[in-house]
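Would you mind keeping the following structure in view while I ask a few things?
Chain IDs A, B, C and D follow the sequence of writing; residue 1 opens each chain.
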Amino acid sequence: MNYVIAEDAAATEAVILDHGTGARLSRELVEMIAAELGPIYIGEMEDSAILSLSGERLAITTDSFVVQPAFFGNGDIGKIAVCGTVNDIAVSGAIPRYLTLGLILEAGFPMPSLRRVIRSIRAAAEEAGVKIVAGDTKVVGKGAADQIFINTTGIGEFRRPPLRMKDVRPGDQIILSGQIGNHAIHLLSIREGLGFEQRVASDCAPLNGLVDTALASVPQGMIRSIRDVTRGGLCAVMHEYARATNCPMEVRRSDVPVMWETTMGADMLGLDVIHLANEGCAALFVDPDHAQAVLAALHLHPYGKDAAIIGSVGQPGSEGFHLTQKDGSVVEVEELLGAEIPRLC
Amino acid sequence: MDEDKIKVARKMAFITTDLQQDLIEKSPERIQRVAEMLPSVVRFLHQLRERAIPIIHQQLVYRETDHVEFFNGRIPCLEGTKGVEFIPEIEADKDIIMKKRKDSGFYETNLDETLKGLGCDTILLGGMQAQICIQTTGADGYFRGYNVIAVEDCITSTREEDKRRALDWISGYCGRVLSSTDIIAAYDAHTPIEFPVIYTP
Amino acid sequence: MNYVIAEDAAATEAVILDHGTGARLSRELVEMIAAELGPIYIGEMEDSAILSLSGERLAITTDSFVVQPAFFGNGDIGKIAVCGTVNDIAVSGAIPRYLTLGLILEAGFPMPSLRRVIRSIRAAAEEAGVKIVAGDTKVVGKGAADQIFINTTGIGEFRRPPLRMKDVRPGDQIILSGQIGNHAIHLLSIREGLGFEQRVASDCAPLNGLVDTALASVPQGMIRSIRDVTRGGLCAVMHEYARATNCPMEVRRSDVPVMWETTMGADMLGLDVIHLANEGCAALFVDPDHAQAVLAALHLHPYGKDAAIIGSVGQPGSEGFHLTQKDGSVVEVEELLGAEIPRLC
Amino acid sequence: MDEDKIKVARKMAFITTDLQQDLIEKSPERIQRVAEMLPSVVRFLHQLRERAIPIIHQQLVYRETDHVEFFNGRIPCLEGTKGVEFIPEIEADKDIIMKKRKDSGFYETNLDETLKGLGCDTILLGGMQAQICIQTTGADGYFRGYNVIAVEDCITSTREEDKRRALDWISGYCGRVLSSTDIIAAYDAHTPIEFPVIYTP
């Protein structure tokens, strides 16, 4: 009997870094896991699962955070761990209410750093109006984890109908709530010391207030669906909706809000901002007659001041993500296979 | 050109990047590329010293505990080793030497303070690699309000296309690309070197 | 500005391995985190938090699993991740209904191993009758995690009153549902190659069925409280109840169910079985007039066949864990500061 | 003693554990303790060979990738190194050599199969350390139905108290503790060595 499967199976297919990027390989991994779980897996591949528990509908989501670097210019892994899960709940249309908090700490992680993370968690949870209802802390040996990993699981309640991808219709306008790419450029810049970290801050923020503002601005049903734009960036979200609706997502690059320095940094690294990760940006799919009203409401919210209508949902029959470039040409943007790795020395 | 849309270089400093043993000896291509560029660099350094234009050599220094790419099976530019040293041709010890631990020369160094202390408003960039350390030091300097000049014949990359792309990026976003000959000629003739003032959209 | 706090603070207090053992240092760490979280932390330091969500009461708990070795003789980290959380919910008196599943995978973790873990999760969830409602998978670089870490968060619903530590009274009988120490000896034995792994299997099992059986056997309120005996072992649980009730826990060592080989292995390693971790054993605190009925019910359940009454709750006024040894002497057993480390070569 | 409560050793094998360079040279104490025991071991091995009683030397072998305690700054008993070899005095190559990777001699080895092939029902244990490898090989053998004898004068530990405690544990749980002299004497006199049959409670 051999307990060390890893050794025997070393020559076979293995999990690789690209399985964790939010692009196609990630999806395939998730699909494999869902298939293996079979009938006990009742999630719908949405970010939040909707539960009927004694007649009450709840939203629940879980996320693990392995941010590197764990501390950055205007936040840290703790803030991200709260915002990420709050945002997942909020975009489902539910009100985020409770979080659980699972910490995995590497032996040697300094106590002051831990305190700083916990304080960030507190501050972000206070801003988002959520309570942490259960926690767990594990410590692993030096080298067995990378400083700190955080899992948060969120529970929200529905006081309005859930928002679902399948309600998105041809002609719906696509609104981005803010500039994209800043989080990724900020973190890459710190990791490599590129200089952009001084100009480009992470967008990490809880978006439930912004979502509430948007939903309150128009009649029920006029905002069809909302998705937070995280790993995999705008491109991954567009492909996700294209697949779910069997309609192409048609976006104008010139209307996508991006900081000039972010474009500059991405260009230097050979990256396209549409693939970059964000932590405080949502895509909203809105009835065309109500898009301006939603946009106006978003502009009044601090996290929505750069919101813009970036395109619309095309006619059914062909999937894909169609990007109108600045020169007027239309390109079909493929989903990335894995992470887009920056060109470095 | 509209007066308030240009600014003029007043006091320059030349910053070399990563002209160190380990970084050059990483591959035969790099050795070759640096050898091709070196005469220009040595001549330019000499001309600058004659004119008392400050020279700063950026030195990448890693520690045993850093998580960085291994070169030939080990951490390059390790504190206290031979590989961290500058190549002798540039005679670095005649000039200012400044340690750094990441790509940008401004990142957690006192480059900004040093330049301000020298009264410089313009940075000339040389060394390698064009597409990371030069580019990022240029962007970072630009963000801090410096005029940025990439010294075309004193910059290299392992691959020519990387250098080309980097220089295009610098001229497109944050600075100018000039040869060392043009810079010395302009300096000697008191011809101002002009920069467009770029308004961030 | 320096983003790398770890380096600056290297000389200060750090998290150490002992912070993760379930003994005193763990508790202090948890208390520090709760204090830092302040008013946003509304958990009660019970394994499951009880939520009032639109009038419905739910139990929720979260746990991260960092088991080493990840695969063992009769189970793996996947089985433990389900059972651990199901058991936390079950001992609160709630019916476990839903789990979330967060995976952190080290790059290079073999796909067949992952499948094996997922299958174990499925099997354990099927046995426990729980559904997995949301999932998340992260991949980290080689060396940034130890093969696989799993977080599960569980949600249960109360169809009977919650069980609480504070309801435990002097004179209540303490029942252990099964043999202790087997899980720890099995894992230590595999890790070191000691030979005991062939004789001593892990006790890892979902206990919700057993808890249901016990609760159904006597009138409501006669089982005051139940706790699963995990990290920190019987000793940690006894101290937890002693602190919560301000009563001593009085246990007879000769009545504690332990496999002979487990005692033998623990003795060889210089460990005391009362400190050893378990994954399928619960301590029940029962009204003295109903203890025999509960015991009889437990004996009919496959996971309760070795159940035994091991002692009782003493009179209030002095806390502590009093153990009557086989020679009749009574010793006061202190809580461990950290992990009890086996003596090895 | 009740007939069905005792069993008798029929065919023996002697198993030495970890008598290897690196493991002995870990500390001056170990070198000293092994030196004290070695004459008994060498004499016993000689007596056993004369009587055609099988001898198996367990050899701990680690690989570069193993996560094990470092001895003097490195992985001990590394495959292919000098340190993994047996000390010459035991003349291991006259006997059966069996590699192992963990404490118990039975753990993922073919010791059980080998003993069965030899027809042995009794294992004599020698070598070091008493409190782990000997103890655990004893327990593991006992679980597999072997009669277990710790050969008192052929076993050692860095500290005498660890050896004492281990032998007490063996006699208390799973076997007998006898001297090599007693074993040879019993063998030569055809006196059966008896073991209590322990019923697991």
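Everything below uses one rule, namely that contacts are C-beta pairs under 8 Å (C-beta built on N, C-alpha and C of every residue); 3 or more make two chains touch, one makes a residue touch a chain.
Source: prediction; values computed, not measured.
Colleague: Computing the C-alpha centre of each chain, which chain sits at the greatest distance from chain A?
Modeller: D
Colleague: Between chain A and chain C, what is the gap in Å from one C-alpha centre to the other?
Modeller: Centre separation, chain A to chain C: 34 Å.
Colleague: Between chain B and chain C, what is the gap in Å from one C-alpha centre to the other?
Modeller: So the centre of chain B lies 59 Å away from the centre of chain C.
Colleague: With centres defined as the mean C-alpha position, give me the chain A-chain B separation in Å.
Modeller: Measuring from centre to centre gives 38 Å for this pair.
Colleague: Let me have the rounded angstrom distance from the C-alpha centre of chain B over to the C-alpha centre of chain D, please.
Modeller: Roughly 67 Å separates the two chain centres.
Colleague: So which bits of chain B are touching at least two other chains?
Modeller: Residues 108.
Colleague: Among the residues of chain A, which ones contact at least 2 other chains?
Modeller: Touching at least two other chains: 1.
Colleague: Line, ring, star, complete or other: which one describes how these chains touch?
Modeller: line
Colleague: All pairs of touching chains, please: list them by chain label.
Modeller: A-B, A-C, C-D
Colleague: Can you check the complex and tell me which residues of chain A touch chain C?
Modeller: Where chain A meets chain C, its residues are 1, 3-6, 9-10, 12-20, 26, 29-30, 32-34, 36-38, 40-43, 48-49, 51, 53-56, 58, 60-66, 68-69, 71-73, 97-98, 100-116, 118-119, 121-122, 125-126, 130-141, 143-147, 149, 151, 153, 155, 157, 190.
Colleague: Which residues of chain B touch chain A once you look at their complex with the stated criterion?
Modeller: 100-104, 106-108, 129, 131-133, 135-137, 139-141, 143, 162, 169, 173-174, 200-201
Colleague: Name, in rising order, each residue of chain C that touches chain D in their complex.
Modeller: Residue positions touching the partner: 192-196, 198-199, 260-261, 264-265, 267-268, 343-345.
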